[in-house]
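Okay, so chain A shows up in both of these, paired with chain B first and chain C after.
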Partner chain A sequence: MRKSENFVDGLFSNNPLFVFVLGACPTLAVSSTTFGGIAIGLCTMFVLLFSSFTVSLIKNLIPYKIEITTSLIIIATYTAVVQSLLYTFYPLLYERIGIYCPLIVANVVILRRVTLFSIDNSIFASTIDALGNGMGFILALFLLSSIRELLGCGRWFDIQLIDEDYISSLFVLAPGSLITLGLLVALFKSVKKA
Partner chain B sequence: MKYLILLLSSAFINNVVLTQLLGIAPMMTGTRKVDSALKLSLVVAIVLILSTITNYLIEEYILYPFQIQYLQILFFVLIVLIIGHLVQIVLIKIPGLIEQFEENFFVLLVSNSTILGTSLIVIKKHVNFLESAVIGLGSALGYVLIMIIFAAIQEQLRLEPLPKNMQGYPILLIIAGILAMAFIGFK
Partner chain C sequence: MIKKPRFSILNAGFLFVVITLISVLILGVIHHFTKDIIEQLPTYEKYASFRDVYPSFHYVDSFPKVFHEGKESIDVYKTYDEKHECIGAIVCSTSHNGYVGEIDVLIGFNNQGDILNYRVISHKETIGLGARIVNWFKSKEHNRNIIGIRANETNLSLVNEGGEIDAITGATVSSRAFLFAVRNAFLILDKHTDVLSHSKTLDTLELPVEKTDELKVSTLKGE
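For the complex of A and B:
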């Protein structure tokens, strides 16, 4: 597969959130505002990019039996790095994301890309792959959180667009996120087929 | 009485899966039969309770006194890996149980955010040891309950005609959303 195809693959045709519903746990809860959604998407992309790079760098040193364990520890290290960076430079954002920032380690998108792709591909290829998947993830989260913020609070990027009387707080809560994602996945399926 | 309320509240009102949205992925990709869902989620529940207690002790007696809380998530991942491995060693003695699990089931327990999430919630709440154990037990009960409900719904769902684009994940997500609506009613 060519490198550019690799990038588009993760961005659209195999979008991690819309096609496989991966990494839904740490993201759904934060995606009630557009800022929160993009922030957690960027953090996830950071961890994905660096752990893909590291794993493909040391792939010849990792014994076959403990591939997943090693990958998990590398991912956890980068998650700790992101957590410290957020805590130091963006404390308000850190408060907003809360426990879902360390839970990036439990995001299956990262583990899947690292153990399926980076472990037996070159550094350059796995970086491109991580970029594609990360961008696809951010795009999906942007869509999801835009819809939720618009329908749930009437705002978009903290700008009031819809009057308070016409909003439904259901979309800010847990059920709204699940139903919105379900409808988006169905929409994505039909768009992809067309 | 206080502990009973805490148990019920962490199992129903603050249900890990449907109100905190932790562990949606295992719910989606999980098994479609009630009996195997029960077995799988009981294993997860055992690991959840053990790792919540261990992580609480780690935080209280290692991370906090030495002021190395920035290593929290690294420690927690290691603890879950070790406990998963220990549970596997014990369960392998029971014949006919372990064969139906995937090869890497116990390693992949780390990517089940219910387990890590409960530990993080417990630590954020600043509770004592007994309360943390009760919250762990309550979350485990809530998790098992949701998994069984969901597997039962999926068994019925196979018989229903559905539009092609709604089959698979979309309808499961919407069902989970409606279930979550029911759990909001507990508040």
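For the complex of A and C:
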């Protein structure tokens, strides 16, 4: 597979959220606001990018039996880094994401790419793959959180666009998040089929 | 095909130790560069909140006077003008009756008991419903607004409970809890009028305006 195909693959054809529904827990929890959705997406991409790079860099030193454990230590390190930086420089954003920032360590999107792809591929290919998957995850979160914030709060990026009389709180609650995600997955699959 | 090293307890243990040491080193470096900013954050956040709810003070108490109203604990920070005359107070009031948990509100009062502004500093209310307390009571629409009103001349309860303030649609519990915190804040000031007396004691004063701004700037620059 060509490098550019790796990128497009993660972004569209094998989008981690819309195709595999991976990382759904933080996605549904934080996507009630666009800022929250984008923030958790960026944090996840940061961890994915650096973890893929590092694992790919030392892949020849890791015995087969401890690949997952080693990958987890590396992912945990980068998660702690991103958590610390976010808390220091963007405390309000950190507050908005809350517990889902440290929980990036358990995000399957990252573990899947690191243990399935980066562990067997070159640094460049892994980085491109991580970028594609990371941006695919951000794109999915952006769409989901935009729809939820707009229909549930009447806002988009905290800017009031729809009068409060015409919104439905359903979309910011748990059932609304599942319904929106379901509809987006269906839409994505039908577009892909067409 | 990548040739992987053979697994043994020894080389696995060695690899884990090396990776963990590198991780600790990275985290240590990050901590070293961020610890000063992290130490300043609470102070910066505190003064940014104070400035938001009481825009015109020159000095403010460093430490609050703590009062108790029933189960609730209420912190009162007196505010002063440039001549060190007390011009009002910033009150941090908590309500434990929110829909999910506690609601902490910071409210600025002047000496006449007018509410200058409020800021919800922490809550766990439902986004889209109870979380709208953050801005709902600042809106001029209908009977929502509490900014600028004189707390001793207004019944700070919900309309359907005999008061004068509209509840958030679908979030009566959160609205009630919020107004409870505001009411309690004013009750404390009303009960302890000496709190708002024209005190000139300087021993409780802290950063003047300019220093607060410097602090804000240096925190943002990460110096």
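Methods note: the second predicted complex is superposed on the first by the 194 of 194 C-alpha atoms of A that agree within 3 Å, B and C clash if a C-alpha of one lies under 4 Å from a C-alpha of the other, contacts with A are read in each partner's own complex, and residues count from 1 in each chain.
To be clear about the criterion, a contact is a pair of C-beta atoms (placed from the backbone, for glycine too) under 8 Å apart; a residue touches a chain by one contact, two chains touch by 3 or more.
Because the structure is predicted, anything quoted here is derived from the model rather than measured.
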Quick one: classify A:Ala80 as touching chain B (first), chain C (second), both or neither.
both
In the superposed arrangement, does A:Ala194 touch chain B (first), chain C (second), both or neither?
neither
Which holds for A:Val108: it touches chain B only (first), chain C only (second), both, or neither?
first
Output check: A:Ser32 vs chain B and chain C. Expected answer is one of first, second, both, neither. What do you get?
second
Tell me which touches more residues of chain A here: chain C or chain B.
B
For A:Phe89 in the superposed arrangement: first (chain B), second (chain C), both or neither?
second
I'd like to know which partner A:Ile159 touches here: chain B for first, chain C for second, both or neither.
neither
If you stack the two complexes on chain A, which partner ends up touching A:Leu173: first (chain B), second (chain C), both, or neither?
both
Look at A:Tyr64 in the shared chain and tell me whether it touches chain B only, chain C only, both, or neither; answer first, second, both or neither.
second
Please identify the positions on chain A that touch both chain B and chain C, taking each partner from its own complex.
69, 73, 76-77, 80, 84, 87, 173
Where on chain C is chain A touching in the complex?
2-8, 11-12, 15-16, 19-20, 22-23, 26-27, 30-31, 34, 37-38, 41, 45, 126-129, 170, 222
For the complex, which residues does chain A have touching chain C?
32-33, 59-66, 69-70, 73-74, 76-77, 80-81, 84-85, 87-89, 91, 120, 152-153, 167, 169, 171-173
Given the complex with chain B, which residues does chain A contribute to the contact?
21-26, 28-29, 68-69, 72-73, 76-77, 79-80, 83-84, 87, 98-99, 102-103, 105-108, 111, 170, 173-179, 181-183, 185-187, 189-190, 193
What does chain B use to touch chain A in their complex?
18-25, 28, 70-74, 76-78, 81, 104, 107-108, 110-113, 116-117, 120-121, 124, 165-166, 169-174, 176-178, 180-181, 183-184
